[in-house]
Each structure stands twice: as structure tokens, then as C-alpha cells.
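Just so it is clear, A, B, C and D label the chains in written order, and each chain counts residues from 1 on its own.
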């Protein structure tokens, strides 16, 4: 008995890692508990009678740090979560039982990269640039990569190159490029499953505007039940012009949480 | 241009989740920092001027909790890591730079379930039972599932059913079933890529013996560079007699850590 | 100009430390995040150009661990905190602004030890023993240590000797000795400022009863605004028959928290 | 039998709180894990059958945050701790057993405030200003507050007023005022017990210089075994011209840690 998937994998895969390394000091939003890792026990601290030794770790962190996914429970509008659930009573015993990150199924599905700066003929988008519905549609047409129901759409702005710079990546005075309400509404109408970007807040931030206004989060998480993935590394996909791939994302199954750090992959046959 | 992987996925997948849910109070080894999750900000705590609100999380945890993978840096023998690196000096600036979990590539490869109790004709293995090389070879032959270079081998003992009971899963007085040095040596000789089990310590623990003696960890992590995956949920795979599949495991890319919580998947065509 | 306090201290003090050491693995209630301490940076991890180096710490913990104080915000009854505040709305933005631990003033005041087992002529009280109002009054009379408004009253059961044993200290099947509703009501009528004990839950726990019923917490924290101090080490005070002293307790000033680890002192002139 | 201390306290005390409130988002050194506090369980999350409910906390933090004390184990010079202990081997099993914060005895002793800007006739010292031995001696003489063996000396720069501003308090481009090697050597020669300041790094930081050079830490912690207290609030003491007092500091008894958050008090008779 043959299995198409097993055979396809056996022929060889090319894998692109879309996740950022989790490292103490990496840029992250100050709204979330800082990522920290430390070694409580190192080799040399103690040794068993047989000469064996085990080192271990302690992590303290928010879930919206590094490359991460937003559960639907992350955002509410006028006191409501997706589907109209009351945002206050949705929290049972200190856990978001209904729309927590444990309700997101692992994703192994079609993924599409939308390389907006390449479409627009620029190296990277500027801080504060709003990617419009026309930019999205134009990129899709030029790339010949239609997007449809169940797809995961990754929107490249080029801003990801700043991750290594630290504070510049977060935006602040410069703002951050990204989609606005128009492009979000257009994408939601295609019934995509999730959308991601190479920035920390996924959507356009006005220069100096901070997180006061996040309409794409409302459109996706609250109005349409579409997951959001942030702080992706999309540079290798873009440089290889890999616009269509199998997208793999496995959130940690944290009961009742609003998000999870993730390490998404793009896969194609070798 | 067609892509075998994209086509195989497009035909439909069946996915089995092999990871345990991360939940406050779940059983874990007392050697590692306890898993905790809490919501610093809930909906209702504050609302933006536009009626939007975001809830978030704080996690404190070890990495060897829930379903998790051991990096090679986790274990040393006589002061040496895999490849002979000095275990003391391998820790640079508080990070295991060489064999840390960030060096484990995401796995998308052939996986094989070895359902040992079914082979032995019992419902589940008893605490303290040592799975021998003969048990492993017999299971492989009976299942017609050879294992070879690059495969990930998941060894079912049936002990995973106790996860919901809490303390009983950890073992203690009862011991825990698992492979011993003989089976580990036999499997290492097949050049497998990683091995997993449905128990907290992967290998056999003698009744009342605790973690004093862990020869399979030495054979795999220190002598052969084979990763170990612990606390898997293998019950659904066994009940469906799904012995061969594509195994997907994506460790968090935590710089310098000795392990990572993971949520592995088994995939086949639908 | 002379100052009576400065002169008294200059003459010499005798200090008794009433706090338990905070150590990974110490007994604590499973209801609270476990105490963990680790060193992210050790000497040797990095050195400045001038030969200097600094090591540091990471702590993850609940606040009701080790020797600690309960803020009034810790406990509610029928949805109300002390003074009738609504327990739900008292939490503003994820902080107990009104009755949080930051509202407890540091204590430097008269303290009285009530050595109940010595009064009763036994070495230690048994698990589940309820210290009655009569026991309290009898101990006070026998010791000649009246208690009144503003005093801090420390009630010894002898159970503190079990701290080093670990799980036995927490109680469980044995129960834990301590005051019940009667003694709490009697003490509250004396208008004391705070009460402490050498046990983990302050009050009597029935054998096998767990924390299902905590009337003394209600009487003190909710009905009378009297602070509770738990897991004190009262053995040295008792062995020295030091029944009256200056009690010093300085909670961490954690904004909006329900408690704080503390290290109380008993001081007398040398 | 009368006790001078009990009588002095009975006559009434005036207490000045020298500690900063621990609050998420307060300024702290980026070298240390960020202070976070959250409520895992709030009132309303669950209620016992009898109508009672308990809320609790989770804290994740470094120890060198907020107002804190440095243990001698915090700093080494050329691989040595105070007393010549080897800084590497002083860490046993992941704990600084010899010079950890658990070895600091609670302090109830004479304290002296040195109000340097008032002596110099300025409102506050400028960023980068080095307080010299002459400044210290001049302040002592003008205030008529000699310092000697066993005293705790608190050095006011006025910089503490910036605590509420956040990043400005940390220094960075501006530098921070404080003592240099000369003043540290002069104070160490008086055999003081501990020294504190109203800044985050205790000693002078050059504008833009960061923490590259910390000679006063070396003089105090490594060469003389004198503890350092940082981020004190000295404004009320100065405005009341309270230059002599009983200083109370009780570090958390954290086994093997390099420091502890503290909330020191200054006490005088009322």
C-alpha cells in the first residue's frame, strides 16, 4: 500500500525555516513578559554515581514574543470575541477555554508568500507604509499565486531585515509597514485560514502611533476567525522566489492561552 | 510546474497529534521547573479608545516538561558530551552553543511506531518492565515496519494512559516500563535519527529507583547523537494501527537550551 | 539631641530570624507557583576588559511560598473583600489596587509568641488539632503576655519542626494543627494587627480535608482586616522562652499583589 | 523586667520607607530579568462551596531590580570573590553557597544619609558627576554625622527623582552621578557595613559609558566585603533633614542568590 505523502517526502524535501531564534535580548513588544532563558543546572553542578549528568533550563516568557501565533482569544472588540462570545465570561478559571491557543489545529496546508516590495519595485517598504488591497491583488496577479479558502498567506514587507537591529524592528518613531483595514477585509473575503507578516505587530503602525489602532487584528481575529502570525522571517523565501509551498505551523498546546511562540516551516519537494 | 509534496497535501491528510496538552498541574519530573501559565492581562482589564482590547500570557517553565525533546547538550557522561566535547567548557556564556536545542533541525521524515505491548500480547507493559532488543526486533518483524537510517522510532509501552492520573505517570514506587541499554544499543546500530516513548523518562526506570541510572540516555545522546522525545501520546496511533507515517517535530529555536517542549505530529494521506 | 530608639539599638540587640530559607524544593502549597531560583550568568560566563564580572539571578515564584504574608486582597467571602469591596471589581487592570500587599505598612511593633504546646504540656500539637479560644487565653495567662490592639500574635504549634521533612509539613492525610473559628474570633476581638503561625495554612486543617474550609482566613482577612503570616519558624523563640519582642516585618512593595514572601524578625535588647 | 528597645518602640516611631514600589514597567537594568507580576487566580475564577475564594500571584524577576542589595557573590575581580575565593568553584550545584545573599544578616543598625547635593549647594547632581572623597568628607563634616564601623551609609545624588521618568533613570547617554574609586576607598577605610545610593548602579557612570567600569563595586564587594544597596528612595529623608536613623534592611533569604530585592526603612523615635 503506498501513501502519496510518504512517497513525496521520501523523494526529498527543501525546508525553509520561517521562525526567529528565541534569544535573550531579542526585540519584542514591551506589552508582553520578556523572553528569558537560563540554565538552573549545568554539567559540572552535580554528577551521578555512574558519571552521568543532566543540564536543564528555565524559561520565563510571554507567548507573543519571537515568531508567534495569535489565538482568537487574544483580541476583543467592544467586549466580544469571535463568534460573539462575551470577552469577560470567556475567561473561565483564568483560562480562555473557548478560543484559546489550544483550539488551533496544527497547520499543514498550502502557503503563499506575497512579496509586496518586489511587486512595488522597491527593496523594502518604509515605516508607516500601508499595504492596500490593490497592492495585495497586484502582487497575487504578478506572482500568479491566487489565494483561496484554507490558505495561509504570508505578507512580506522587507521590515524583517531589521530584526537583528533590535529596537528599530519594534518601530516606535518610524512606524512599521503592513496591511491596513482595506487589505485585511479583502483577504478575509478570500476565506484564508491564517495570515502572517515579517513584523512585530503584523499590520501597519503609524509613525509614533504605537498600538493604539489595530484594525487588521479586529478584522481577522474578531470578525472572521482568521489567525495572525507575527515576526516571521520571510527573507529566504523571497530571495528564492518561493511563492507557493506547504506551510507547517504547530502551536504549543497551552490550555487557555492567547498565543504561542511557533517556528513555522515552508516545505517543497527537493 | 507540479510539486509532489504540494499535490500530496492537496489530496488530503490525516493528522494524529502526539503531544500532551500543557496545563498547570500536569505530571512532570520534579527535577525541572514546573510549568505555569497565567494571564497578566485579560479582556476587561483595559480597553483602547476604539473598543479594542488584547489579553496576554506569562509562562514559566522548564523545557523538559510535557511532550519534549532532549538536545544532545542535555546529558553528559564522565564530563563529555556527544563527539567528545568537554561538558564544562561547552557552556559558553550560560548557553550550550554547540549541542543546544537550536542545533536540532525541524524533522519531517519517516516515523515508525513500535507497539510493543500489542506484539507481546498484553494491554500495557508493567512498571519496571525492560523492553529488550528482542522485543524491539520482534515488534518490527511482526509489524513489517523495518527501521533504518534517518527514521524516528516511537516506542509504545501503554504507560501513557496514566498521564491523566498525575503522580502515577511519573513512576516512583512502581517504576516505569521502557527500553534498557540493550534495546538502545540495537536501535542506535540502525542509525535512527531520534527515538521517542510514551513515558516521562523515555527509558526503563526500576521500581523505586528514580533517575539514578539512565543508560539509554547515554547510548543515544552521548554516544550516538540520537535525539530523545519524551511523554508522547501514542494511544491513537496504536488504536488505528498506524505504524508508518510522516513524523513532524519542530523544536522551539531556543538558543543554547538543553531541550524544548514540542507537539509532534504523525501524518499520512487521507 | 538624643533619640530613644537610636540609643536602644546602640546598646545592642538580640535578633531572632523567624523566616524560612527560600530554596528550590522546599515544601509549599501546590496551589501556588513553585519557587525557583537559577543563575542566568555565573562568574566565568563573561568578563569585562578590566577583569570584573557580575553574576545574577532569575526567580520565578508565587508570593504565598516560604514564610509569607497574606494581603487582605488574598481572600474573599461571598464575593466581598474586607470592608465590603466587590471582589470582582477590586481587580483593576490585573492588580488589586485597594487591598493589595502594597497597602500593608512595614511592621515594627510589639510581638507576642503564644507557645500553645508548652502551655498544654505537650511537645507538639498533632495534625488536625484545633487550637481553641480557651487554649489561647490559657497560654496568654500562663505566659503573662496580654495581647491588645496593634500587637502581632504568633501562635506556635510545634508543626514547624516538620518543615525540613518536606511533604509532611504540608499536611494532607495527617491534617495540620492550628486555630479554628473560635480562637480567630477571640483574637480578632482583641484588635490585634496581624497573626502568624508555624504552619503553611495558618489555621487548622482537618486530616485529609485540604483547604476546603478556612474560617480563620475569613474572620481575619475578610471580616476584620487582620493580616495573616504563614510558615514562620518559631522554634528558637520558644526554646529561649522569648514571649515578648519587637516584631519587624517588611513586605515587598509589589503593586497589586495578594501576598509577599517575608523574613520577619523578633528583636529585644541584648 | 524592662527592655530598652521595647520601651523605645512603645513611645512611638517615625518610619521612612526607602524602597521603590515593584511595578511592571518600572526602570531597571537590561542586564537582569525583567520584573513581572501577574494574578493566575482572581476572585471570581472559582469559589469554594462555602463562598470563600483566594486570589494569588506569579512573579518572575531578577534580584537586582527595584531597590535591592548586592551579595558579595555578585561581583568578582580577576576570577576572585571577596576573601580570595575562586569565583568559578564558589558556585556549587548552581548556588553561591559561600557569599550568597543568604549569608547577609538582616540589618538593624545605625544609618547615615549623606546629602551631597545639599552640601554642594545644588538641587541635584548631574549625570556623570563623580562624588569624590572630598565631597563625602565635606558632607559628613557639614552635617555633623561621622560615619564609622558597622554603619550603613546612604549617599544621595538627587538622581532618584528621575525614577518615575523610566529610561532617564537608567542613564545611558546622560551618565549617572555617583561615587568613584576615590570615595569608595575612603568610605571602606571607615569600615562601614554597607553603602547605598539613589541610583541604579550605585556608582558614577560616565555619559554613554554603560557598565564597562565599576570600580566602587570592586572596592566594596570584592576587596572589603561591604554590601551595596541600589535604587533607594532618599528624597523624604533629605527633605526632612533626617541624617541619622536606625536603618532596617531584611534581604530575602534566597539560598545561593547574588542579590535580593529589599525595602529598607529608616526609623527614629517619634
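In this text, a residue touches a chain if its C-beta (ideal position, glycine included) is under 8 Å from a C-beta of that chain, and two chains touch if they have at least 3 such contacts.
Because the structure is predicted, anything quoted here is derived from the model rather than measured.
Counting steps between touching chains, the shortest path from chain C to chain D takes 1. More C-beta pairs touch across one of A-C and A-D than the other; that pair is A-D.
Between the Cα centres of chain A and chain D there is a gap of 42 Å. With centres set at the average Cα position, the gap from chain A to chain B is 25 Å. Taking each chain's centre as the average of its CA atoms, chain A and chain C sit 45 Å apart.
In chain A, the residues touching two or more other chains are 24, 33, 36-40, 42, 58, 60, 94. Partner chain D is touched in their complex by these residues of chain C: 3-11, 13, 15, 17, 19-24, 31-33, 37-40, 42-44, 47-64, 73-79, 81, 87-88, 90-91, 94-96, 102, 105-106, 108-110, 212-214, 217-218, 244-246, 248, 250-259, 261-263, 265, 267-269. For chain C in complex with chain B, the residues that touch the partner chain are 25, 30, 33-34, 36, 38, 40-42, 45-46, 60, 92-94. On chain C, the positions that touch chain A within their shared complex are 24, 36-40, 58, 60.
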